[in-house]
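Encoded as structure tokens, here's the structure I'll be asking about.
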Amino acid sequence: MPAPVRIVLIGAGRAGRVHANSLVNHVAKGALVGLVDSVPGALEETGAMFGVDARFTSLEEALYKLDFDAVVITTPTFTHKALAVMAMDGGKHVFSEKPMALSLDECDAIIQASERNGVLLQLGFMRRFSPEFAAAAERINAGEIGQPMMVKSLTHGPGLPPAWARDLKTSNGMLAEVNSHDWDCTRWLMGSNPERVYVEVANFKGAARGVDTPNFYDNVLVNIRFENGGLGSISGICPCDYGYDARVEIVGDRGVMQIGEMQGLPVVVCTNRDQGLITPIYRTWPERFAWGYIHEMEHFVESIQTGTPPKVGGVDGRWAVAGVLAGTKSFLEERPVRLREILEAVV
Amino acid sequence: MPAPVRIVLIGAGRAGRVHANSLVNHVAKGALVGLVDSVPGALEETGAMFGVDARFTSLEEALYKLDFDAVVITTPTFTHKALAVMAMDGGKHVFSEKPMALSLDECDAIIQASERNGVLLQLGFMRRFSPEFAAAAERINAGEIGQPMMVKSLTHGPGLPPAWARDLKTSNGMLAEVNSHDWDCTRWLMGSNPERVYVEVANFKGAARGVDTPNFYDNVLVNIRFENGGLGSISGICPCDYGYDARVEIVGDRGVMQIGEMQGLPVVVCTNRDQGLITPIYRTWPERFAWGYIHEMEHFVESIQTGTPPKVGGVDGRWAVAGVLAGTKSFLEERPVRLREILEAVV
Amino acid sequence: MPAPVRIVLIGAGRAGRVHANSLVNHVAKGALVGLVDSVPGALEETGAMFGVDARFTSLEEALYKLDFDAVVITTPTFTHKALAVMAMDGGKHVFSEKPMALSLDECDAIIQASERNGVLLQLGFMRRFSPEFAAAAERINAGEIGQPMMVKSLTHGPGLPPAWARDLKTSNGMLAEVNSHDWDCTRWLMGSNPERVYVEVANFKGAARGVDTPNFYDNVLVNIRFENGGLGSISGICPCDYGYDARVEIVGDRGVMQIGEMQGLPVVVCTNRDQGLITPIYRTWPERFAWGYIHEMEHFVESIQTGTPPKVGGVDGRWAVAGVLAGTKSFLEERPVRLREILEAVV
Amino acid sequence: MPAPVRIVLIGAGRAGRVHANSLVNHVAKGALVGLVDSVPGALEETGAMFGVDARFTSLEEALYKLDFDAVVITTPTFTHKALAVMAMDGGKHVFSEKPMALSLDECDAIIQASERNGVLLQLGFMRRFSPEFAAAAERINAGEIGQPMMVKSLTHGPGLPPAWARDLKTSNGMLAEVNSHDWDCTRWLMGSNPERVYVEVANFKGAARGVDTPNFYDNVLVNIRFENGGLGSISGICPCDYGYDARVEIVGDRGVMQIGEMQGLPVVVCTNRDQGLITPIYRTWPERFAWGYIHEMEHFVESIQTGTPPKVGGVDGRWAVAGVLAGTKSFLEERPVRLREILEAVV
């Protein structure tokens, strides 16, 4: 058996720990050999939690001091481009969390660095590796529901995102931070690129939670026309409070398919006939996509071991960013926006 | 169109009102023309509720004063035989609630009266007319799951039965009053008669609810061997408090089938991610079998109009009583009891 | 008990038979006393089916020859205004199928005729009377999920609509003929009027089915902003072939609610582990809304008997038409359309 | 972090590979260091599959040549006692697949070896570690459904067991090989030991599959009375062909709980409205209990690392064997059998 892929995790926060858990406990072909975080507390805590002694406050330091093969980037979006390019220029393969970056220019810089250095790039669209989504895509590709005509995808997250993730200046807001998965999976399952989008937003909870970020919204509804004539819908709500909800419905010219469900563990209880049956709901995204996170990391290390491009890479990440930018322009200017406007604006 | 079948309802209580509602609101071919109940209050109240002015305190009086075609009997079990025979000897068709009677002798008296007078007899096994059970039976008969091998049926009812219905002297206890439907539908779906039964009972709630009836039980579990070699299970819990629960699972040599579900209206709500998804449960039997009660009454009046024997009659009611008697003997004597012992004991 | 409300049914086609069935078999307070259809064959067939001997080829004739209280209109949309106004001017209460009419002017003419003649007007939005929708609305009104923020409603119908119903000249296409229910129930459940809509359409099946109607579409996706700031989505697919699918999801600031489901009868079967579990799907709208059709007719006759305005009337029908007109303008002009544009254009 | 627990797997067949997969890919605290199987082909194939070079044709050889901490035994039941005692006498901790052994004498020999050598013993009742069962048990213990009154557990397996596993001489038949999990989990969830059992069996498929083993049965239905007065039911069907089905229902004096479901991946499809909705079913036990197998192995290595007795050990395994023996006696002698008869018969 080949030696495990040596991975440095950049970002010791919540998403970082999910990937650390995968690498330490579930992906035998990968080894978590180092940890980078500029916040010492998180660095020490996460390092101790997963038994990783090689801890660094910067990627530069890790590149200088440690021998490794690849990085997993889980830091805030505005840092992705710099970190990815630095790692790639250092010869490391890159797994980057979504959103890929803030702009198409940044996306292009990452893609070019990947090509320039001959290193692999995988985006953190774990839905593609979640067993039910993977099985669904395979069945759609096999023609089971015919030509996809309409796809609807939703991500509703329980809690208020951190300040940087709701400010259009430091992220691209909820459409990016929460709904990147929907941008990716609608395009993936429809088998076509978005051509035109229209977006409505609403802000119901911001004021009560002390959010005064300009253009903040906690509800978003996206209408998509795809290049193949198909239609798409994305909805985002964050904070929705009621759970972590990620589901897709797709109708083809031969049938309908529902992917995912709200129900968590199959335990149904009734103790009061006036209340009814109670079943757990998924509370968080690590619960909901437990296998998806494991399988995407397996795929990353296996891609490195075999030198094969990952199934989901820079082009996919870039399309999701393009959708976000078009969608944001749409609700700011209150009109449908063609993707062409966004794609042609790249320097 | 033929004139509606004129029906007198005997028993103005809860079950009576369910049938009155069917006849008045949903079965155009039937007309509720009279009401009999020995309790004046119930008689007046139910009569007013359904606009029935012809009210009687005895069946004799109704037979003497009113012109009608058939009776629906919903009084306590120990009255069934006398009422049914009297109605039949008066030339009336009979729809009798379950259990048919207290003993096989009583069942035989009813069956003989039906034959003697050339009138029809239908038993109130409404499951057979509930759309999902009817569809299931049709599919089983068409061979969809192959030869039935094992059938499990449960009825769990929310509230404590009335005193007469839990006393082995005036009814045959829960096995009869609650689980008659299971005795009937296991035999019906298995397509074979029970050959041997073994029963265990338990009493968990009686004491706290002031029940000191001898041999009272609120939990029962029946093991059945059918004549065709198939196996069956019946469970009864009453009071179960949590709702009205009536479900069947059947496995054939080609597949499995589940019939019925606990969920009532399809409304799923989550307002607290620590609690989970909430869906209504069926609270009562009139809710659960709303269409079954309508369709069985339609079948009764159509059988009368066309002179055709109802799909479920005296023989079916008698087998359910035989099962109850064998089951009761089993738990009292703590041994498996063959149906033959019961059937051969008939005078 | 008051005498049954005497009703003449106008339109002896499929929808007509659904209401005839309700009146004849399930709504004791209503009597179907006459039938009007300009197509003799349908008139005779439906008349015979429900035992209605008073049959007319025009409403004029019925008004002239028969004594009755109300009409139920189930003819094509382009006839609604003339028939409703004629019936009302003849002093009859009107139950009108959806869509109410082709234009707001027509809607206004109907509303005015209702007021002028002091007769009642009910629209055929049966979802409001379907038990799960009624229960859901009550729970939303009671605050269970808090302030509604986002509502999604879909209607996917199995078969190709008739020619008149897909031509923008004689109906208003699918948005009206199929999705009227969604226009009504999103507004109803959100508790607010639509303010702005954006619509994308697609045509995937038309060509293969020989449809060359200009502007024909078989997929539609509507994005709505409501006056209260809430968001809405409507999707329509017709023909979808896979069944009759009508579901709603609504998220409030305190929780989520799903109303309706695809599953028909609760019978789950597995006969092949490579295929999986199979459950019936609703095949048609009369199946799906069996109780809704009964309860809306009960409501109509009870409203007449008590002289109370029905819960869903002309204003509701008019808003649905306004939504349809705004939506149609949106996809034709490829831009968001404010309802104000439509409402202010009324003569 | 402590060094991983070094484990030798005995039995390179299907169950062995499930545990090998857990140890190699998902249980970082455990290391699969050696493999034992008397069949050279299986040994080489499984060894290659998991990268285990230390391969032995007997446990003796492994004990002699390799340094390790514990064994996982997945060989046929009739070998368990000898292997477990040998491993324990060699100072190794033991994880044993179910059934624990063929007789209570054998169980006692294993328990005594464990005590004599101060080594740990865990039984392979993976349901206890499957997230939904673990959560359910915790909630029952917390009193959510009150005092358990009735528990029903089923295991239906798709394929015909191997010859040794259906012969009462070399195993204890289906009640042991398939339903051990039900014997354990009914006792566990009821919180009480079985007191009396009654069993009916049937043979529907044996002949067609060429099985002429004496007393072969492919359907079994067990009725249990527990020491605390509660009732239990176990059903087994093997081969059931339709999938791998493992579900439990339990009713307490305050409510009902369903644990597990047939549905596998949440992907619902409809492509034909006459057929209906299709959802995957669990096809095999490794799929159904994917997390249960991982978590039970985690528990085993953590128990060894911390020197704590596993949550499920020799006493639990012995009770399951006692139930099997009583149940087998019951159907052979066609009478209820008290556990006391079995327990007191031990030499």
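So that you can tell them apart, the chains are marked A, B, C and D in the order they are listed, and the count of residues begins at 1 in each.
In this text, a contact is a pair of C-beta atoms (placed from the backbone, for glycine too) under 8 Å apart; a residue touches a chain by one contact, two chains touch by 3 or more.
Given the structure is predicted, the values throughout are model-derived calculations rather than measurements.
Taking the options C-D, A-B or A-C in turn, the interface that duplicates B-D in more than half of its contact pairs by residue number is A-C.
Comparing the centres of all chains, each the average of its CA atoms, the largest separation from chain B belongs to A. If you average the Cα atoms of chain A and of chain B, the two centres end up 56 Å apart. The mean-CA centres of chain A and chain D are about 39 angstrom from one another, to the nearest whole unit. Among the residues of chain D, those touching two or more other chains are numbered 241-243, 254-256, 262-263, 268, 270-272, 280.
In the complex of the two chains, the chain A residues touching chain C come out as 147, 149-150, 152, 156, 196, 198-205, 218-225, 229-233, 235, 237, 240-243, 245, 251, 253-256, 262, 334-336. Here chain D touches chain A in the complex through residues 1, 24-28, 51, 131-132, 135-136, 139, 144-146, 254-261, 263, 265-272, 280, going by the rule given at the top. Put simply, chain D touches chain C in their complex at residues 158, 241-244, 262-264, 268, 270-281, 283.
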